[in-house]
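Look for chain A in each of the two complexes below; its partner is chain B in the first and chain C in the second.
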Partner chain A sequence: MEKNDIATRIREVLIAVVGHDRFEMRDDLTAPDVEGWDSLTHMSIITGIESAFNVRFKLREINKLRNMGTLIELVQSKLSA
Partner chain B sequence: MLFLSQEFLLFFLTVFVLYWSVFKNSMNGQDSLLMVSSIIFYGWTDTRFLILIGISGTLNYGLAVLIEQNESDRLRSAWLWTGVILNILILGYFKYFGFFYESLACSLEGMGLPLEKRYFKIALPIGISFFTFQMIGYLIDVNNGSSVACRKPIKFFTYVLYFPKILAGPIERAQNFLPSIERVRTYEQEMISDGMRQFLWGAFAKTVIADGLSPLVDGIHTDPGAAPASTLWLGACLYLIQLYADFSGYSNMAIGTSKMLGIPLSINFRSPLFALNVSDFWRRWHVSLTSWMMDYLFTPLAFMLRQYGRPGASLAIMVTFLAVGVWHGANWTFIVFGLIQGLLFLPLVASGKVNVTRPGTGLVYGARQIAAGAFTFILMAASFVWMRADSIAVGSSYWKGMVGPGLWTNPSINLFNMLVPLLFFLLLEWLGRGQDHMLTKVGSLRTTILRWSIYAVILVQIALYSNTQGATFIYFAF
Partner chain C sequence: MFGEEVDGCEFSVSSFLIVEEDGMPAAAVAGWIEGAAEDGLGSNFLRTNLIGYTFPPTSMAAMRTNGAAVKELLLPRSSLMLQLEYVYTSPSHRGKGYARKLIGKHIYEARTQGIERAQVQVFADNKPAILLYESMGFSTSQTAHTEHPNALQLVPAASKLLMERSI
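And now, the complex of A and B:
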């Protein structure tokens, strides 16, 4: 799957969880940049992404995420595995 | 050494002058001064505890290096768990051992198996919960790669012991704190002035509001069974304000002191009195602890339980808030407090509405926000009764009284003397919400006379109302 398609689907998950679209998808986007993306909603976002792409993450992989770019790369690597 | 004492004033003045004169161009000099002054500051309370922090700090310093230099995930995990368990054992011994022994003795006695009753009086090192959690978080961050292991002992021990935060936080993350001492701090007048403003607001909250409300609240909690419901409800609301003023006052003084040394610390409160629901409250209250609990306990738990959907998330929330309760102290009342907070969260988790940042406009929306804010405040005030109650019996009696007779009678609390400062405090809290601290906006006022008039009003109130100088901070007991 193309990087842009992954980003679009992740964006949809994010909007569904945080309840707004007031953020711009870019590689250096981090949780504090998105209003409502905090520790409590983080897990809903992760499970939402897992369902959207039908993949399973490991906790270590989640802990190593630094920004949207690394999240998209992780999904891409899971899909091509 | 309390922030509002003559010793601290002298101590800080000395550090401040040396820091910005003799050592102003030397990072090593600034670091060494901070470490030595932090040792003096903590040792002032009890020199024995310095040895404990020294041992704990050395252990964590070494473990972080071991975690970082090992390539094998299994070995890294082994060192991480060794560190986590050792830190918990140290905390457990000093904070919870006596409580567990007494609880066990009582349970066995109930089963006809008397255990020799000994009452352990283990001195509680001030700040132990704060620095232990800081160390555990540091080891986890090094293991995850979100922080590097600090290999410079002076910098590391400055991070552990740094005097503005050692007694009651904020619980600092290494990746936030260490970069700010990886450079020479330069004298920036704006940051120092802002630190002074933040300290002033903290001093006002502590001496005028928290210490002013303390006798009123203490009076009700001594014998809650004798008070009508109206008094108990008002008392509960006042206690929440008192606790907030006390701890946010401490935090503002700590952060303000640190700013005067050119080192920013994490925010600890985001106007929690104006929260719109329970989850919003915990996003704003004692942020450095709740974010710690969320990142290092809730997230791994919720991740493990994610296949169970909302029931799994609910269980993770319950365990997390139980831990928040127990973190506060070794007493059944804190366990009840944690359970109540967890239970208050469950409807939000079940409905999927933990996020409250839904924007809106108009009168109806505004009225709903006010109603939600008032309801949340009253709900949290009622639940925080358990934070203040000395025992289960007192807490139960308090809650029974709240639903008992006398709800519409005149509360037997004389608030007259506190009315003006309380309204002033709440007004500035409201105007300053969403800011770094409540006097941020005041500092940016262009009219000098207006700015200084506000400072003068605060100073006059401190002079007029603070009559319990030397009162300790509630959170030092945690």
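And now, the complex of A and C:
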């Protein structure tokens, strides 16, 4: 799956969880940049992404995520595994 | 304890110092350096990730619901400061100075790593703990308060203090 397609689907998950689209999908996007993406909604976003792509992350993998770019790379690596 | 372990938050096994008497735990204190583990990820996210990967989805749903009721009590943990949590002494071992010794040990270990300040959060009704922290040089730097009607069903007090000291 192309990076743009992954980003589009992740964006849909994010909007569904935080309830708005007031953010720009950039590689350097981080949780504090998105209103409503806090430690409480974080796991909903992660599990939403797992469901959307039918993948399962490891705890170590999500602890290593630094920004949207690394999240997209992680999804990409799971899909191509 | 969990399927996967992580360092750097109050649920990390590696955070705990424990006093044992006759092979049984008598007191425990968690302590970690905020943002020092996992390339700087905050303990709040580490904790949530750990819960999310350990407990069923219903637990996360309950956490989100309950979280709304106590959100105003969240106090920020400063990066690269020693964080102390879950200070506990079993009732039959209270008054022996175990909590003080364990906190002192955490402070000593943090100091050897070049850490300069320590923080601890405590509910405003926990007078024995506040007195202990004050006697160890901690003072209140911030207070959080909630008026949420369900808060007291979840936590012991509607106010929480952030106490700090240099180490």
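Keep this in mind: the second predicted complex is superposed on the first by the 81 of 81 C-alpha atoms of A that agree within 3 Å, B and C clash if a C-alpha of one lies under 4 Å from a C-alpha of the other, contacts with A are read in each partner's own complex, and residues count from 1 in each chain.
Keep this in mind: a residue touches a chain if its C-beta (ideal position, glycine included) is under 8 Å from a C-beta of that chain, and two chains touch if they have at least 3 such contacts.
What you see is a predicted model, and the numbers here were worked out from it, not measured in a lab.
Novice: Name the contact category of A:K64: first (chain B only), second (chain C only), both, or neither.
Specialist: A:K64 sits against chain B and chain C alike.
Novice: Who does A:H20 touch here: chain B (first), chain C (second), both, or neither?
Specialist: first
Novice: Name the contact category of A:H42: first (chain B only), second (chain C only), both, or neither.
Specialist: After superposition on chain A, A:H42 lies in contact with both partners, chain B and chain C.
Novice: Now for A:L79: first (chain B), second (chain C), both, or neither, which partner does it touch?
Specialist: neither
Novice: In the overlay, answer first, second, both or neither for which of chain B and chain C A:M1 touches.
Specialist: Neither: A:M1 stays clear of chain B and chain C.
Novice: Both chain B and chain C contact which residues of chain A?
Specialist: The overlap between the chain B and chain C interfaces on chain A comprises residues 38-44, 46-47, 59-60, 62-64.
Novice: Under the definition above, what is the set of chain C residues touching chain A in their complex?
Specialist: By the definition above, chain C touches chain A via 3-4, 6, 38-39, 41-42, 44-53, 57, 60, 63-64, 67, 71.
Novice: Where on chain A does chain B make contact in their complex?
Specialist: Residue list for chain A touching chain B: 17-20, 35-36, 38-44, 46-47, 50, 59-60, 62-64.
Novice: Can you list the residues on chain B that touch chain A in the complex?
Specialist: So the residues of chain B touching chain A come out as 73, 144-146, 279, 283, 291, 294-295, 298-300, 302-304, 306, 313, 352, 354-355, 357-359.
Novice: Spell out the residues on chain A that touch chain C in their complex, using ranges where they run on.
Specialist: 31, 38-44, 46-47, 58-60, 62-64, 66
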